[in-house]
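Each of the next two complexes has chain A plus one more chain, namely chain B in the first and chain C in the second.
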Partner chain A sequence: MIVTRKRLSLDAKYSILGAILIAPTILVFCTIIVYPLIAAIYLSLFSIYTPTMEGQWVGFDNYAQLLASGEFWRSLLNNIIWTAGTLSLQLVFGILVALMLHQNMLFRSLARSLILFPYFLSTVVAVLIWRWMFNDLYGVLNHLLMWAGILDMPVDWLGSMPNAMVSLIFIGAWKYFPFVVIVVLARLQSIPESLYEAATMDGAGRFARFIDITLPQLKDVLIVIILLRTIWDFKEFDLIYLLTGGGPIISTQTLPLMVYREAFALNQMGNASAVAVLMMLIMLVFMTLYLRKTED
Partner chain B sequence: MHSRIIQANLHLSKPSVTIGEHMFAKRTFAHSDREQSNYMSIESESPQPLDVHGGVTRRSVLQGAAALSASMLPFSVARASTTIRWWSTQSSPEQFAAYKYQIKTFEAAHPGVKVLFERTSDEGYPMQLAAAFAGGSMPNLITHLPSFAVANYWDAGLLLPFDDVIKAVGVDDFNSGANRIYQIDADTHSAATLGNTAANMLWVRSDLLEKAGIDRPPSTWDELRTACQKMHGRGIYGAALPYAKNSATTLIIIGFIHQAGGQILSADLDVAIDSDEAVNALEFYHSMREFCPVGATNYSWGEILSAFTSGATATSLYSGRVLINVNNQNPRIAEHVTCRTYPTIAPDVKPWTYNDFPSVFIPAGAGDLEITKKFAAWLYRSDGYIRQIHAAPGHVLPVLKSVTTSPQYRDNEIIRRYQPEIERMDSAARAGHNLGWETPLHKTNVKAGAIINSGILAEMVQRVVLNDEAPRAVLAKTAKRIEAIMKS
Partner chain C sequence: MAMRKKGSHKILYSIFGWTVVLLISFPLLWMILTSLKPQSELFLIPPSLLPSEITFEHYVRLIHETPFLTYLKNSIILAVGTTVVVVVIATLGAHSLVRFSYPGRKSLAVLVLYTYLLPSVVLIIPLYLLMVKVGLSNTLVSLIIAYTTFALPFALWLLRSFMAAIPADLEAAAMIDGATRMQAFFDVILPQAIPGIISTALFTAILAWNEYLFAMVLINNDEVRPLTTGIMSMLVSSFNIEWSLLMAASVMMSVPLIIVFAFLQKYLTRGFGAGAIKG
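And now, the complex of A and B:
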């Protein structure tokens, strides 16, 4: 039997080569993104006992129960308060410190390195340090405030409201503001000096130069920072879990903590997946905004 | 006693759909196929010679590298030793040193076997174990988990019978009734008790009692409140009780409800928490808040212990670990600490001691079963077992007759010095209970772990104490939530 081999055109060969080259990426993408995503959606339609992963089909019951429960909405509200609070502080601290580090100052390089310290510090270590500082019996914070005569009695920083949420927001800002510093500082260094010189010649003061030149120049980068940090802060788990565990009651419980509690404390993997899917849908909004912005 | 219920559940609870069968079956098969093809390739392929005439091509290098790694695989497999993974919630430095001794002697007696100790915690084990079971990466052996967790895992078919180990240790060597809480039927045990713990003893400073003009430790709630009130002040808090959203608060409030004469569930496991006794317990627990440090709203076991050990509180509620910690960390107060069973609402209400019956068990699916059983039995060998007990004297109390009566066990400074306290804890722990088995009349509650992990009871405390909500209304809501768990 004679087999005739049909010659492929160069374009076809390139297409096949392209497909082969891109295949590993698609495979990795499917393995680490698509599969978990589909698995989460699939699991959310079951009532599943986590240790055995056995369960029953319940359709959209998990979603219906969640949306009807006060706990979900309270956790979402906590999530929004935490995200908005900590992000605002990160931006304020970040911009202020970046402006400071942009000036010619003594030990500027050292200061620029040290400012990144909280960002690089392991969350567990950071939490241990803060918990120790907040300790009611031996904590330095209560001790100093009482020594200074500001307090008569130690303050319960993490066990009562609104202290717990305020403390969380503050520690979150401390931990993550260096990211804002890095990005803003990089942008500040690329603003043409001539703009400031022209404004100075026109009689603009320091504040006017900041409002009319620096801020507009930072606008694009700030939007990207806000979108990225919103996504990251929204899904923050370890810092909150280790500091307050979501308490008192559920006053600092955010959606990621709710996912964890449902999945591993209550062993309800189906409910946990449903919360995770709803969380993903909320974050999808921010994701879309981010993609549109970066496309622009 | 509780065995019939567990067995019935094991037979009846067949889920209609198994996620593993649907969602993950393909993955499992794919994995098996891949493994099979690996082995086949090891047998059939041999390293290809390099193309010396045409130079070293990329293809030949890749083929050679693949064949080389394939040929090395059996070699590395052959060299690998058996590894036993051991999880425990108890791992203070002293206990860890005792474990290291037990591991070292076991490894020396069993060449080629390696024991890997991994820490978990009282607060973290439910999550870590759930993830391990779900992911199929469970350890070979787990120790020190409470009996109610064991009942829950056994009910879900996640544990192996432990009788071979009990026989290897010696059935008659265990204290009478030591393993009854783990008995499924005449021939089956889900686990064994590794030790007893009286976790909610009242610890009190005798020097402060004396200063306050009180001649003996309190035995009723009124006496306790009065004592705390008198000792509170001048930089010392009257009590250290937790008001946080954690398992410590949950387990302790269960004790208070029993000390008020109430119960969480009836003997037939109907929800019984919505009662006058529970209202009394919550009101008393609320009233004790004023004598506790402000940060008690975030306290767990560790903080309760530290507060008393450091001398910041006059009383506390804890197990015998207080003894070693006080002696090591604050010897100044060591001669003034003593313990009693925790006070009750009235003299006619008997004390209720929380004993979690620290367990040792083998998860289903754990590999290397025979050597794991040998290691489990090794943990009871007197030399290592006594070291374990001596690591925290009074905290984990021995359950083997041969150890309890041995001079080696008694040859410990703390056990000698605090003999009355150790004996009090031992007798309290032997009569102890927990939510998995509230009284001798109760059936075993396999949902106890789920109730505790849900945090419902700690939340109940916080609502009453932090939010000042009415106990009766909070209890009614709590009862409904517990009922939902019992029915789930």
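And now, the complex of A and C:
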């Protein structure tokens, strides 16, 4: 294809070679992604009791019941609050820290490594650390806040509302903002210095330069960051499940947690599949709208 | 920008910057400090910031009195197994997607992107049923297969952008010299792709090392439990939670990551560039 277009037989041979190279990928995709995906949609039309796996065709009843239940809408609302909250914090922290690291400071690469570290840290480890720091009796956070005179009594950070949701959003931001830092920092380093020099000569101050030059230059990268992080935060399971388990009661239960609870705690696999399928549809609609809106 | 005038500016700015950095890394520091404190010191009110004496007793207990080493072995097998399977399949697949033309190639690339963003909870129920049916539940193989569902789309996406950056002329030149396409792949493309492959392998290994949901659903036996669910079961099963032991386990679990950060970090940041910006 690259070298010769002369002989059609060679083109055909290359097509076959290309197909052979992609064959393992397609095989894996079909058996463990496409098949389960179709199976999930199919299962959502049944009522299935998990331990016996006995199913009964119910058509769209699962969906009708879900859309009429308060729990589904509550979980969706929680999901939106969590995603919007943690993503906003990630963006604000991320951009600020990226701007900070863009300046010349001592041991900058070590500072960058330390900032990046939480992103790659196992969620299990992150959750253990924060649960220990947030411990109501012996946790360091309560003691620091009481010592500083901000609190009179220890606060239950994860077991009561709205504290649980706020803590969740904050810890999510701590874990995932390095993604924003690294991507924004890479983009900042490629903005031509001459743009800033020209603006300075025109008398623009620091803040004006940020608004007029930096932000527009970051726009493309921010569009991609927001798309990816929205999707990743929306489908987050580990962090929420391990920190609050969706509690108190279902106050911090998002849709991924509802899928898990329906399938493995309430033993309703059909219902769980229906939640999963609805969740996927919501994400697809969001992606399509977002991409259409930001296309130009 | 105005900073470069004077050295004193830089010092002041560094103090400010490092205060922010240390605040953000405080939880990591607290993890290490807690793991080195004697158990009795944890329950002081108010808590002590630095340990009055440094002890490694929690690390010793972790290794001798808990199944930590079994979990560790399982996690290593999972990370290595998943990485080898995924990187081999994805390297061939990405090469095919970038350099060959055949019907359906474009839609396949779009499919890869969509599966890259697919939530694991959607696949977990059918995968669980599948594993039970073929008799693979409670095995490490079932987890490697499950991890492939998110690691392969990710690896393909990353490698595709890395390999697209390799100039097409290189392959053409090799073939003018008489190499077949596969020879050109092994002799020219593959060596050029090594940095991208290392990035992809590191990301894949970290994803597998950190995975929790599939391990919780598919594994119900201490013998084959990886570190993530293993350490959490240590938290849940104990009468009174031994935080210093858990923090020691957390530190141990993060050691591979610290090693990667110390020696191979450029491959991680390079992966961000390829996977996230061009996405």
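Assume the second predicted complex is superposed on the first by the 259 of 296 C-alpha atoms of A that agree within 3 Å, B and C clash if a C-alpha of one lies under 4 Å from a C-alpha of the other, contacts with A are read in each partner's own complex, and residues count from 1 in each chain.
We adopt the following convention: contacts are C-beta pairs under 8 Å (C-beta built on N, C-alpha and C of every residue); 3 or more make two chains touch, one makes a residue touch a chain.
What you are looking at is a predicted structure, and each value in this text was computed from that prediction instead of being measured.
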| item | value |
| --- | --- |
| Touching partner for A:L266 - first (chain B), second (chain C), both, neither | first |
| Which of chain B and chain C A:S9 touches, first, second, both or neither | neither |
| Which of chain B and chain C A:G159 touches, first, second, both or neither | first |
| First (chain B), second (chain C), both or neither touched by A:S194 | neither |
| Which of chain B and chain C A:S122 touches, first, second, both or neither | second |
| Greater chain A contact set [chain C / chain B] | C |
| First, second, both or neither for A:M53, with chain B first and chain C second | both |
| First, second, both or neither for A:I22, with chain B first and chain C second | second |
| On chain A, positions contacted by chain B and by chain C | 39, 43, 53, 135, 138, 260, 263-264, 269 |
| Of chain A, residues touching chain C in the complex | 1-3, 14-15, 17-19, 21-22, 24-26, 28-29, 32-33, 35-37, 39-40, 43, 53, 97, 100-101, 103-107, 111, 113-118, 120-126, 128-130, 132-133, 135, 138, 140, 143, 146-147, 174, 179, 182-183, 186-187, 196, 200, 221, 224-225, 228, 231, 234-235, 237-238, 241-242, 256, 259-260, 263-264, 269, 272-273, 276-277, 279-280, 283, 287 |
| Sites on chain B touched by chain A in the complex | 15-20, 23-24, 126-131, 133-134, 153, 156-158, 243-246, 293-298, 307, 310, 312, 450, 453-455, 459, 462-463, 466-467 |
| Of chain C, residues touching chain A in the complex | 1, 3-4, 10-11, 13-14, 17-18, 20-21, 24-25, 27-28, 30-31, 34, 42-43, 45-47, 89-90, 92-93, 95-97, 99-102, 105, 108, 111, 115, 117-127, 129-130, 145-146, 148-149, 152-153, 156, 168, 171-172, 175-176, 181-182, 206, 209-210, 212-213, 217, 227-228, 231-232, 235, 243, 246-247, 250, 253-254, 257, 260-261, 265, 268-269, 272-273, 276-277, 279 |
| Touching residues on chain A, where the partner in the complex is chain B | 39, 42-43, 46, 48-57, 134-138, 153-160, 244-250, 260-261, 263-267, 269 |
